[in-house]
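Heads up, the next two complexes both have subunit A, just with different partners, subunit B and then subunit C.
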Partner chain A sequence: MKILVCIKQVPDMESKFKVAADSRWYDTADLAWRMNEYDEFAVEQAVLVKEQVGDADITVLSIGPDKVKETIKKALAMGCDRGVHIADDEVSSREPFQIAGMIAEYARDKNFDLILTGMQSQDRGSGQVGILVAELLDLPGVSTVVAFSLADGRLELRRELEGGVKARVATGLPAVVTCQLGLNNPRYPTLPNIMKAKKKELITVGVADVLKVEARQQTAKLYFPEKKGGGLILEGEPAEVADRLITILKEKTAVLA
Partner chain B sequence: MADMILKGGEYLIADVACESVFTPEDFSDEQKQFAETTEQFVMNEIVPKMEEIDQQNFELVVEGMKKCGDLGLLMMDTPEEYGGLDLDKASSMLVAEKISYGGSFSVAFSAHTGIGTLPLVYYGTPEQKEKYLGRIISGEWCAAYCLTEPGSGSDALGAQATAVLSEDGGHYVLNGTKQFITNGGFAQIFTIFAKVDKQHFTAFLVERDFPGLVVGAEEKKMGIKGSSTTQIILDNCKVPEENVLGEIGKGHKIAFNVLNVGRFKLGAAVTGASKMALVTGIKYANERVQFKKKISSFGAIGEKIADLTAAIFASESLVYRLAGLLDEKLATIDKDIDNYYVEYLKGIEEYASECGISKVFCSEVLAQTVDEVVQIFGGYGFVSDYPAERYYRDERINRIFEGTNEINRLLIPGMILRKAMKGELPLQAEAMKAFESLMTPSFEELDESIPFVAEKVLLKNLKTLFLILAGTGVQKFMDKIADEQEILMAAADIAIQIFALESAVLRAEKALPRFSERKQGLVRAAVKVFAFSASETAGSAARKGAFYIEEGDTLTMILAGVRRFTKYDATGLLAAKRLLAEAACEEERYLFG
Partner chain C sequence: MKVLLVAEYRDGKVLGSISDLLGFAARTGADHAMFVVGSEAALPAYGGTLYLADAETYGEYRPAVHKQLLLAAIDKVKPDLVVFSHSSYGWDLAPRVACALGLAQVSEVVDYVDGTLVVPVCNAKLRRTVEIKTGGAVVTLQAGAFGGSEPETAAPSLERVAVETTDRVEFLGYEAAEAGGIDLSKAEVIVSAGRGIGKPENISLIADLAKAFGGEYGASRPVVDAEWAEHARQVGTTGQSVAPKLYIACGISGAIQHLAGMKKSDFIVAINTDRDAPIGDVADVLAVADLTKLVPVLIEKLTAS
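Right, the complex of A and B next:
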């Protein structure tokens, strides 16, 4: 069984973000980087599948500058078999369709039975890449998956919908699945596995070899939401509070005018 | 290449290039992953249970140790042929640093992986390693180390415990009491020191179930309450003859060599604890409002945050520089030779003085940190509902165990002087030169094109000052200098500040080209803040030392030298502190790691 896991390197979400000088993305200087949390679920799921079926080969792919290799290595230490680094220093200016296009282009002739991605990235949060990959490869795509089981070459999945509602979905393989929080508990790479991962194959692919689609959207401007003024909490007896509220609305606003 | 490596103590007379030092910016991807695995494990599995652990629920500790075993955290320093990973020291320091977030748990971890495991690794026979190492590195068995006795702590070789060979020669019978044994409550394997025939100091591997090993009650402690500390009473304890560790009568070597390793690792662990405490303090300072302002916006609080940030930067720089020195040295030893560990321990002993510096300097930075963090918390720092109080209590032990800071301060110049006596360091000749420089005026102009030139000149001057004082001290007291502890303490303080400041400066210089402009500004500020403090501390120690050693005209001359050689132009110090404080408060983290 051939599995592809697509992962993204994102900044530590506790960082203090600044808008970059060109106002199109955040300033990447001095940030600490890690694996996108949802992608950890994807990697873990791939490794669980491999543990279940035994005979499986997991490729982990990441697009970005050289430093994304660090994150690929973590996935290798978690149990992936080989790494593919699509070297792209401009990754932060690519829109989801281009990212999906690169992944699809890479995967097209490789006969993956299962492609796993995170449900979304913690920084851009478009939630589109996984399903666009499915579309571009003409495969069934199931998003926001919180339960996963594989039997007789078919997937039984549970999706998380709005308002706590879940949906059960079944599909054959090959398929694309995007992973949501709650799917599994990603393992910590053990020290011996981190050392073993050093010996695993990690190939680099040039961006020009896989980027064949044009951007369909552009980021016009990135900015922080405007700060709203602080709220006002009125405390006391309900009737008295209601009176005060009316006074405030009369004096400070136009709603009761 | 091998002879290019800086020798132990050589930093006091050599000019060191920044390319030659290892720094946290040099960690490999694998090392960063070790750190990440350790940190996630501690934050997710240990920190949430900290309170229960501190109420001495040792099951949680033992369970945590098993999980450490599963993750491979207990096999870093053990040989590959017994299932270990035999990693470099920088890696195991990094793990020690991250484990430290686990408070009391980290004491169990450190004792197990350090003093508990290493005697067996360094001195065990293949049979002994085969028998015990697997269980130790998997966490199935916890390990402990029994050197201290009620009557002998610092004077460890003054132990009274005895070992007598049975008539049939099959086993030794051990008697005595061991004091303050970490992990005593649940360890399954103990390295115990006793004197064979009341004179030959020897180590033994003793299983918990051997008849006659009695575990005493838990001590009630000021801090690290969730670590187990008990007496181990040997009441005619029968130990098979094949469990003698190393040679009869050579136990002191085991004891001291293991302590060297323990000291530099303690430096790493307390550096981690300092970072944790600092970040807690910063976050609180950003939340707490008085006079309608965040207290972090007050200069008095900001200055603390800046000073601590700079001191921790030095602490961290020092620890990993030392790790790099040890790793370089150890890498020159062929792993296949029979006496590998003999050579290995010689390699570590080369840096015994620096190991002592790591222990003293870094534990005192932690002491300063937890004290100021309690202060930042104000009254809330004094009550147990907030973490500052626990940091404050937990810190205290670090200046006591692994050799008290006094014992280590004696050892710092002691080891250097010993090397000089043996002709391994040309200290006398350098001291003569230094003394002469007292009589020649200097017209140094700073070449501003050299990065950190003011700090480098200060370092050169502090080295001269150290040599002047050590030189006059030795000249005056000759081989009786060991009895002049007050002078040795002062000399130690100067050496400590030199090594710490040099480590900080070299790291900063090496990192500059890799940092963004903003971060360059921050690291320059940290160096300035620490350099100022180091020049003051070293100056005060030197003045004290001068009064202790000399009088009359020579004293006057040396005091003039102290003034000249501790001069440091810290123009912009206030701006540097404000820059550091502002950045640390904005980012709510330790800025350099």
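Right, the complex of A and C next:
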């Protein structure tokens, strides 16, 4: 069984962001980077499928500058077999259709049985790439999956809807699945597996080899929203902050009466 | 400008997201029509032309079937924008329709300024405006961003939509939300734990603070997903919606899906090490502090007094 997992490297959301000089994205300097949270569930699911069926081969793919190799290595240490780095220094200006176009172009002749993505990226958050890959490759695609089971070449999945309701759906393979938070418990790479990952194959593909589609949109301007204001900010020693907070709650609410 | 609003219908009912769609139509001042795979027995409150595909015939959501039906309606309406709610229905169907039409898709639109669509970036810390390069676009709207329009009372004029189609994805049934023993909606004070609590042991800190106020404790999704708290305590779009007299968010960043479940609380306090955390946008008081240091002191002072 051949599995493809698509992962994105994103900045830590607690970072102090700055707007880049061209005002089209955030400044990517001086940020801590990690694997998109949703994609950790996708990697874990691929590894769980491999553990289930035994005979499986997992390719993990990421598009971006050289530093995304660090995130690919984490996925290799979690249990993927091979990394594919689509080297693209302009990744932050690519829109979801171009990202999906590159993934589909890479995957087209490789007969993957299962393609896993996150349901959305934490920075861009379009939630489009996985479904677009399915459409471009004319495969069934199921999004926002929180439960996954594979038996006799058939997937039975639970899609998360609003209010905690789930839809049970089924499809045959090959298929594309986008993974939602809570699908599984992503493992931490162990030291021996981190060492082993260093020896795994990591292929680099040039962006020109796979980028065959034009952008259909672009960012006009990135900016900080105006603070809606109002909120009071308390800072200082815990004892002092606690006292001020309790005083405010006594004045403004009835809960400490 | 002409827009086609894609309403949602599930298990016999039109969903509330319709108010976002109508709100967007009102804000843009566009001519509009609506599409729904639904039933004549439960029509949306909408005074315009409704392109109706019969839910009895086509069943609950299956992506390829709904895509073909919607494309048939689009072919008749020829809209400049196809508008969805950014929901499990919208974010699944919108990219398929955009792909089929060769159009740009703009996700989770929160504002419309001078004819330009605005979307959030990085958990709403940043925003960006989008320039569309295709002749028309498909958009999804963030829940609540355009809502609040008066419900319409007139009945729609119906246009039927029908296609021959199948899907490789089968719909097997719905599974109800997990029923839990804890009814957060009764609590006057809710103290919620977010990922910022760092480790499962710290749940007791949050529970103790809740107890000091005579309230209950809740949690954000990652805390529930990690099984540090039961699902019945989850606040947000896929958990409970609460509106207590006091809500204290401890180590919660303030993602839209969490805010949707608690922003109607009377008074909101956030305890967060990140001064720029989006929770600050809805908090009456933001204590910029390490919760593991502040919460024990708070408990001590509250129980002493």
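The working rule: the second predicted complex is superposed on the first by the 230 of 257 C-alpha atoms of A that agree within 3 Å, B and C clash if a C-alpha of one lies under 4 Å from a C-alpha of the other, contacts with A are read in each partner's own complex, and residues count from 1 in each chain.
In this section, a residue touches a chain if its C-beta (ideal position, glycine included) is under 8 Å from a C-beta of that chain, and two chains touch if they have at least 3 such contacts.
Just so it is clear, the structure is predicted and the values come from calculations on it, not from any experiment.
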Inset, instruction - Would you check which partner chain A:Gly182 touches, where first means subunit B only, second means subunit C only, and both and neither mean what they say? - result: second
Legend entry - When both partners are placed on the shared chain, which of subunit B and subunit C touches more of subunit A: C
Inset, instruction - Based on the superposed arrangement, let me know which partner A:Ile203 touches: subunit B (first), subunit C (second), both, or neither? - result: neither
Inset, instruction - Using the superposition on chain A described above, determine whether A:Thr190 touches subunit B (first), subunit C (second), both, or neither. - result: first
Inset, instruction - Kindly classify A:Lys16 by the partners it touches after superposition: subunit B alone (first), subunit C alone (second), both, or neither? - result: both
Inset, instruction - Quick one: classify A:Val53 as touching subunit B (first), subunit C (second), both or neither. - result: neither
Legend entry - Which of subunit B and subunit C A:Phe97 touches, first, second, both or neither: second
Legend entry - subunit B and subunit C contact sites that coincide on subunit A, given as residue numbers: 14, 16
Inset, instruction - Using the touch definition up top, name the residues of subunit C that touch subunit A in the complex. - result: 10, 15, 60-64, 86-89, 91-92, 94-96, 98-100, 102-108, 116, 120-134, 137, 167-178, 188-189, 213-215, 221-222, 224-226, 231, 234, 237-239, 245-246, 253, 266-267, 269, 273-277, 280-289, 293-294, 297-298, 301-302, 305
Legend entry - Of all residues in subunit B, those that touch subunit A in their complex: 29-30, 32-34, 36-37, 40-41, 70-73, 75-76, 85, 87, 515-516, 518-519, 586-589
Legend entry - subunit B-facing residues of subunit A, complex: 14-16, 29-30, 34, 69-70, 73-74, 77, 188-195, 197-198
Legend entry - Touch list for subunit A against partner subunit C, complex: 11, 13-14, 16-17, 19, 24, 26, 95-97, 119-120, 122-128, 131-132, 135-136, 140-144, 156, 158-172, 181-182, 185, 214-225, 227-228, 230-235, 238-239, 241-243, 245-246, 248-249, 252-256
